[in-house]
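What follows is a group of structures, each given as structure tokens.
In the two assemblies presented below, subunit A is common to both, partnered first by subunit B and then by subunit C.
== the complex of A and B ==
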């Protein structure tokens, strides 16, 4: 009797097992399209880039041979027709740091200010208006600002008014320093709303009871901000600033558009632009791939930092 | 933060002043674009700038209200590729956002609701692709696409952005909270797995679909780098390329340049105001692999 029972059990178990297996097969089948896609358009290219970076491959001509580390030596020591990688790294870092520090500070201030508004409707309005530039494409943004930065344009008029000078041309698009400032202003303008919203999301997740407790204890608003809001917002700030950095490291359209508009290339020759010109315009695929790998490594470091920041953000409990 | 109660305080006034100043900073360039798309170069670069064009200006013989827009559409050599390029932008962005939503939801569903061997490995390897920036693989991708003979084709423009790892991640996170009982009930009722996906899972993740679809549409609409590599024929170019080219040759005709930029922005502005909820929601989540 007990044998028959265990036999029955076994049959049932087998049946469940086969249903589960059938389901598991479906589950795997659902992921296959994505996997194939990622294999072709992500994993294969990065391996391909790595291999190509050790060859002297060019766009024209099929033959190429392995040259070892020659490309890496070249991009780090030679001046690559007037536009060395070292200059690109400098331009990228100046742009990244110059953009993300003011962006984080200002968007944090804006977000805290917006949380102070009496009605959610007001906050919604400002969110919408601050976010609007992000909707325009980078090319459009660059086109608008190119005219604003024109010697006779709005920006000179405004800065002359602010600086109490008259008829001074600040050379927004020509001067090596000013052109970098200009790209930073454009980028700042375009993405400020985006980061304000990120901070508002962070601020909104802080429970109001903490503030009520602080108010009951007689904490001033200033004190509350420094002692409660800021520490609780630390993980959000860390995450957002690394995100902003990653975003800035990848910038291309703004600089490219300004260059096409007649600005000097060297001061704004960010890494992506150098890759484009070396690989596509000059056809030096091997060198461009080596630069891509350098960019990849830089971004990998920042992504790692982002992961660490994300982990620490999970540690905060309210 | 403790909200203000009672009377309007000094701090509150400062807050408002600051917020309004930034409001002017973000809106002025957009308003400038809209206004100056109706002006000619002389008026745009007038010192001081006048926001409202004078009446006699419009009544002059060689200018109508839409002169700039006409120039923008006719383009550099008067063969009007504008509409074709706009169509290309729309087509690529729409196809990419549809495939992103479909493939990512399918994959996210598979990862969230099924147990199979190697599931974690699949998930981790998809997450790993988020660390590969597009800019680092564009050169090999260009070689792959040109090797597949896809230069100057829609497939070449569309394929590399058909799905995003971030989308898969979003979908998975969302579907993890989806009650499994529904799925089991459907299975008991005899629905096949693909049917369960299409008639139960997909209709139930509308909010993520909207956010993800908009995000991917916007990224493709904004994409300049990839079309620059793949589309070299006039009729295959996209709108960002058109604007770049147009402004290169029309450097001195600022009015036409602004009209061109304005025309290109109208679809996104309409989309933004009609679906702002999803735009602002989508901004809160971060797209790490932006095209």
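== the complex of A and C ==
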């Protein structure tokens, strides 16, 4: 009897093992294309850029030599033909902080507002309206906003109306401060809908029974939001904030389009734009690679800090 | 398995075999060029004729924005995928030529004696020539005379005249420009701003040192500062380019080449046929120390060194075929090839105000086409725009420009 039982257990164990193995095999098969894709188009370029950053490679040169840390010393100590990396780091940080903090706060508020809407079609309408700019290419978005920011455009009219002035040009595309504000507005407008959708997904995954229990206990809406919604939304907030921050650090096309339209480069010379100009326009691939490695490290550090910050406070589970 | 399946497979394989056989025989020329109004239509026609005359050659013509073409060419060459034939302007050629990316012009393709002296200077390195000229351009001042006549104003001759006319006729709503009178051709600073500096006694490069004569630069930059939004607010690099507005009679003056006439004819034939416009010489400062007009520049057809011998020869053949139709380039597109028969003949003179362009060419200097020409142009742009848009003093902008240019050579 006991022998028969142990035999059954063995068969069961084998079965589980074989099913797990089968699933793992399929899982692996489905993951392989992604891994290959990542290896070819992401990992290989990163390694290649890392190696190139230690050379004096030029865009149209046949030969190049190993130069050690020369490129890194250069980008941190020289002004790189009038466009130093230090200014690019400043421009990138100003843009990132100016965009991603308001974007997280506002998208959370908008998502919460939409979740309060009783009718699905209203919610669908607002989701569509907010998400629509996200499907536009950045180039088209920048082109639209360049018309709006034109001296005779809508933005000056609105600004004059709000500020009770007449015929004042607020220099949205020209003034060093205003041009930074303009890039932030364009990016905010374009991506807010995307993050609203992510927050809505997070909010929808919170079980309604928790809210019911809170209501029965007499919790106010404000109290419920701070004590239940926000803590339970923490994983979504962490993911959205990291995604938003990385996206902001990698910004390029908005600034590039405005520069192409005649705006000054220095105030909006974000790291990616400096990489483009140094590598593609000036042909200094070695220096551009060193800059891209610096950007990579900045992104890595910020992501790590955010993960640590999110992990430090107590996790809430349901 | 269906009994017809093997037959089908054989048929598919056979068709692949056939197509690969024909591909081997055909030489494909990828020809990359910049967008240029009516030139596209002319070249498509010439290519069709060329393909009939050369059955083994197929041409794939691709257009890019002129500002992007150089970067497309250089980055594709770096990746080993560059086109067979392409055209670029003189100021972007040095890096390509010196890196060995350009094919040498084979003997017998064209006769260099047919061209005006200096036509090949920008593509000559050592004893070798690396390109065939496509166009030879200089800018003059297009004026909508009726706009000035209505205001009782005389035609301008100097930059000061242009500023005075603009001060009178530019319309503002408070601090916002609603109608401009003239604006510069940002961001082509090597073509129009360097000549302004030269008129004041300065220059870009002399004996290997850059930014010659600070006073001249400061004076030219001060003029631009007064022109911009922080000065008299007569124009700005962020506004729509003036030459596009000129054809629609929305601006009184602009700087452009002879090709502008063909574009006017195309876009606004009534205006083109009317006596309401004129072309005047490139303006000068009242206190000019040097009689210099806008810098002339050349575009060249060039061939990618990395391609096969057959492809390279086919590319040169197509370029010389284009060059042999110089009269059609002038007649249909308004492009001047620097051939003696074109420059010294009647064809250019017979174009409206053609003689103004030819006379101005005599007092022009070639655009700077030495090392880092494009980067230097960007830096000059930064200097001009920093005084115009950010309120930087001309003295500081000149010092910054000199430092930035020197860093390019480190």
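In the analysis below, the second predicted complex is superposed on the first by the 260 of 318 C-alpha atoms of A that agree within 3 Å, B and C clash if a C-alpha of one lies under 4 Å from a C-alpha of the other, contacts with A are read in each partner's own complex, and residues count from 1 in each chain.
By our rule, contacts are C-beta pairs under 8 Å (C-beta built on N, C-alpha and C of every residue); 3 or more make two chains touch, one makes a residue touch a chain.
All of these numbers come straight from a predicted model, not from anything done at the bench.
Placing subunit B and subunit C on a common subunit A by superposition gives a clash between them.
Contacts of A:264 after superposition: subunit C is touched, whereas subunit B is not reached. Greater residue coverage of subunit A by touch, when subunit B is weighed against subunit C, goes to B.
By the touch criterion defined above, A:174 reaches subunit C but does not reach subunit B. In the superposed model, A:129 lies in contact with subunit B only, and not with subunit C. By the touch criterion defined above, A:281 reaches subunit C but does not reach subunit B.
Of the two partner chains, neither subunit B nor subunit C is touched by A:226.
Touch criterion met: A:152 reaches subunit B and subunit C at once. Using the contact criterion defined above for the overlaid structures, shared-chain residue A:80 touches subunit C, although it does not reach subunit B.
Look at A:66: by the touch rule set out above, it reaches neither subunit B nor subunit C. In the superposition on chain A, subunit A positions 150, 152, 260-262, 280 are in contact with subunit B in one complex as well as with subunit C in the other. Interface of subunit A with subunit B (complex): residues 20, 23-31, 33-35, 37-38, 40-46, 48-49, 52, 106, 109-110, 112-118, 126-141, 143-148, 150, 152-154, 157, 189, 192-194, 197-198, 201, 203, 211-212, 214-215, 221, 224-225, 229, 243, 246-247, 249-250, 252-253, 256-257, 260-262, 271-272, 275-276, 279-280, 285, 288-289, 292-293, 295-296, 299-300, 303.
Within the complex, the subunit B residues that touch subunit A are 1-4, 11-12, 15, 18-19, 22-23, 25-30, 32-33, 36, 44-49, 103-104, 106-107, 109-111, 113-119, 122, 125-126, 129-144, 159-160, 162-163, 165, 168, 193, 197, 218, 221-222, 224-225, 228-229, 239-240, 243-244, 247-248, 251, 254, 257-258, 260-261, 264-265, 268-269, 271-272, 276, 279-280, 283-284, 286, 288, 290. Put simply, subunit C touches subunit A in their complex at residues 67, 71, 74-75, 77-78, 95-96, 99-101, 172-178, 186-187, 229, 236-239, 372, 374-375, 378-379, 382, 385-386, 389-390, 400-401, 403-405, 407-408, 410.
Every residue of subunit A that touches subunit C in the complex is listed here, in rising order: 58-62, 78-82, 150-152, 156, 165-169, 171, 173-176, 260-266, 277, 280-283.
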